[in-house]
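In the two complexes below, subunit A is the common chain; its partner is subunit B in one and subunit C in the other.
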Partner chain A sequence: MLQAPGRIMREHFGIKTSGEQYVIALAGNPNVGKSTVFNTLTGLHQHTGNWPGKTVDNAQGKYSYKDKSFLLVDLPGTYSLLAHTVEEEIARDFICFGQPDATIVVLDATSLERNLNLAMQVMEITSNVIICVNLIDEARKKKLKIDFKELEKELGVPIIPTAARNGEGLKELQKAVYTMAVEKVIASPKQVVYSEEVEKAIKILMPKVEALGLARIVNPKWLALRLLDSDVSFIKTISRYATTQTQQMVAHKEQGREFTL
Partner chain B sequence: MGKLSIPLSTLKLGQTSSVVHLEVKGLLRRRILDMGIVPGTILTCIGRAPAGDPIAYLVRDTVIALRSEDARLINVEQV
Partner chain C sequence: MTTLNNKMDPLMKIHSETEHIRLASGTPIADRVVSDIFSYTEKIVQKVVIREVSGQKSWKDKIDQIVISRVFGYPLMLLLLGAVFWITIAGANIPSQMIAAVLFAFQDILTHWFEVVQAPAWLHGVLVLGMYRTLAWVIAVMLPPMAIFFPLFTILEDLGYLPRVAFNLDNMFKKAKACGKQCLTMCMGFGCNAAGVVSTRIIDSPRERLIAILTNNFVPCNGRFPTLIAIASIFMASSLVFSQSLQAAGIITLIVLLGVAVTFVVSWILSSTILKGEPSSFVLELPPYRKPKFGAVLYRSIIDRTLFVLRRAIVIAAPAGAITWIMANVYIGDLSVIAYIAGALNPLAKAIGLDGFILMAFILGLPANEIVVPILLMSYLATGQLTEFGSLLELKEILIANGWTWLTAFNTMLFALLHWPCATTLLSMYKETGSKKWTFVGFIIPTVIAFAVCFIVAQTVYFFGLA
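And now, the complex of A and B:
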């Protein structure tokens, strides 16, 4: 039986998918209603609470849409993926190495500017991004007007307005996840353009980074950026995951299974 | 422009200022940027712990508490 390396990496995170199941990650700043989105979609009653760091380890739940099964992974709330806390590390490692079929980034409609920082970081790691602008009921109360069409054009990823508390917009969210995960309609997220010096440095690093052959597990530009950042913790993490993957592939080969690389 | 920039830690209760420059280095700098404190961001001092530390600031509709030793490394100007 042929097994995609992505699935093996997921087992590493304690994610077991049964048969044809799509893995969807749920990311976002603290206190934007991620767990409410999670509970409403899965029908579970994971504890929601108004304090930071509630979802420390990842929580999982299932839902079905159009006869397909989706495994939703609720990640801890973070402002960033540049990993300086345990929560950020969990979220980053899962988005990076867990290879979800889609990542939903939940944003607070009343504080879009700060929330977009995380969205842009996720969009640098993966193209399979759906942005869910939650708490639109709060935004309406504050008389905020958001031009979702324009935002979608600017960012290059599907934008779904929701008020998860009342279930508003969740059907549309499920539909967007289906389109991306099942029909493989991939978005083309807008990338951050750095200063001339940084972009030049990335260009110099790219051939060497690509020669490492890690493109399957991590986006080479993201890796080049972390190298420039001298993010030692990330370099350690990636060498750990790369070793794990190689070992597992060897083990599977010994069992007579084949891999297509 | 031309106004004198002062450390954020010297802001009095109720005063509002705009970030000019961050002298914070390393991981804390990254974290402060991630929380949306960047040049031009408006901060209001809204509270101080009994011992004077930490200090609470209103940033983009969110209350963030900073140690005064860290707030000292954020230069602001009054608006």
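And now, the complex of A and C:
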């Protein structure tokens, strides 16, 4: 019953899984080598098209690891998820409602500061986040030293350094995905601490938002933030989603009643 | 079913309840959320990243601290803009006169040839006095400023300065309730308004996009810059006195700033009236400063821009020159056709500080703004007695002989900045909006503003008897 709504939402995004297949979303800023990661992992097992109803490219690809099948969904490259563009809206809606078993966020090691912005936003939506710090070969060239252990502690999610061009670190990435998606070892991502005024506003809103009982669909704090910055399109989307889910549950119950009768 | 409907209401209810929190805070919450995330990640990065070579990075940061600082950002922009114009005007004078001397000497040779083969006078008139002379003026007046201005502009572009300009102006666009990306489309408009209109595709909100399309015309394009520079350098800096070229540069800077100001005001008015809404924010990536590649700058500015504009000007100016000459020499009763039209336009034109010829030149310049000045000069030269001239210095005398004052020059520049978009831009507007109505709005807004601003300036000056 928990699975059903997710499945339906995935189909809404044009994602069809076959049998026991884990859905992995791939997010990242533009020009961070996201496509390289995607291509190296999936090889020729790709399917490209458009996101339903949008003129934005959608690429999906399969790969297997330890006899499990994974469907990798390449999200549009975005700097943020605050949905000012169609691309951001697609990425955000998929991470939020597509219920991927894990979301990989690809970062550019040479400009972590800007890239982490997206990562923090993804971590506000979902706990199933793996961060792939790509282009470490370029960072080495630029004499940048990154303390990955410390970064992992700061963010609370698995950090995998990679140089996708040379295939470096991709086995570790697959392993991390397996651990999270299959073995259900869930991370506990640290959350952004906002300035006092924003945090105060969130605190005021939280009881009202939690009372809605949407926690299973969306992180209440994230929802509170969207209410605060008046993201009307998102609020409408979540209302719509909540409605369809309730409908399904009602349908489910009615079915159950029929069976008992 | 009632439960389903109720599910929607609470969310929107909470949303409307948050309104007072939004109103209570000074900066929009959405902006604060973004800046909070950035300061949070900045702290993390400081902890986990060690830069072994820190020199280069801090060098770039130091420049950025000045270039996009609240204090120095705007003055620096003004200074650079002014400097570019000054170099252009001061530098264009001598080559302009040299080119003029050569081309007009050749006109005498051409005339001599026509005499040798005993060509009819009208043929000599159409081809030499009409077409050739217009072409000579286009090249002499427009080529040198363009050949200086475009490389300078390209250097700024290649240095990575333009995205910083966008960064500086973002706040202003926010205040005008428009998208910060409009700054980029505006910069594109400096190259070509038609291209600027097409480039608004980068703006996602249809509302903000329409605002960007409708206001793009208020920055002077490649075609109108030479008009502005030509008038400024002919009328205000025709002698080689340093202070005069400085003054001309100042006036052009002022004109451009006015165009930007009008962009803001019109954007604001549009978004408070027929295109209501809140601005959306966006992430702007500031590229690293790069050393411009000499060859690329030269190629792009000379081939792509200067020669492109010049070619367009020539293609349109040649027939326009011929037509202007014919119009100037075909008489209806006592008046030539050109004098007839100019006479009809004169009362309206005078009210806005221009004269009938100038207004006619702008109307005939609809296909391309590049030919406004050539048509203007042609119509003065073809009708007036002053047909012999040797240098740019004498151009000023021609203009003065035709009743120009500083007000005429200033208002001509204002009109050039604000008037209706060229045919290509209008066509692009139609293609982008797919609506005749919005294209018409895009035509009528600048037209009304141009007439209104020029009228107010002219009447104020007349009233105080300043010109």
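Note that the second predicted complex is superposed on the first by the 229 of 261 C-alpha atoms of A that agree within 3 Å, B and C clash if a C-alpha of one lies under 4 Å from a C-alpha of the other, contacts with A are read in each partner's own complex, and residues count from 1 in each chain.
Just so it is clear, contacts are C-beta pairs under 8 Å (C-beta built on N, C-alpha and C of every residue); 3 or more make two chains touch, one makes a residue touch a chain.
As the structure is a computational prediction, the values presented were derived from the model and not from experiment.
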{"item": "Partner chain(s) touched by A:Ser80 [first = subunit B, second = subunit C, both, neither]", "value": "both"}
{"item": "Touching partner for A:Tyr194 - first (subunit B), second (subunit C), both, neither", "value": "second"}
{"item": "Partner chain in contact with A:Leu155 - subunit B first, subunit C second, else both or neither", "value": "second"}
{"item": "First (subunit B), second (subunit C), both or neither touched by A:Thr243", "value": "second"}
{"item": "Residues of subunit A touched, compared between subunit B and subunit C (which is higher)", "value": "C"}
{"item": "Partner chain in contact with A:Glu113 - subunit B first, subunit C second, else both or neither", "value": "both"}
{"item": "Touched partner set for A:Leu205, first subunit B, second subunit C, both or neither", "value": "second"}
{"item": "Residues of subunit A at both interfaces, subunit B in one complex, subunit C in the other", "value": "79-80, 82, 84, 113-114, 117"}
{"item": "Subunit A - residues contacting subunit B, complex", "value": "79-80, 82, 84, 110-111, 113-114, 117-118"}
{"item": "Contact set on subunit B toward subunit A in their complex", "value": "27, 30-31, 34-36, 60-62"}
{"item": "Complex contact set, residues of subunit C against subunit A", "value": "3-4, 7-8, 10-12, 14-15, 17-18, 21-22, 25, 28-30, 32-34, 36-38, 40-42, 44-45, 47-53, 204-205, 278, 280-283, 285"}
{"item": "Parts of subunit A lying in touch with subunit C, wherever the complex brings them together", "value": "79-80, 82, 84-86, 112-114, 116-117, 119-121, 142-148, 150-151, 154-155, 192-195, 197-198, 201, 204-205, 208-209, 211-212, 225, 227-232, 235, 238-239, 242-243, 246-247"}
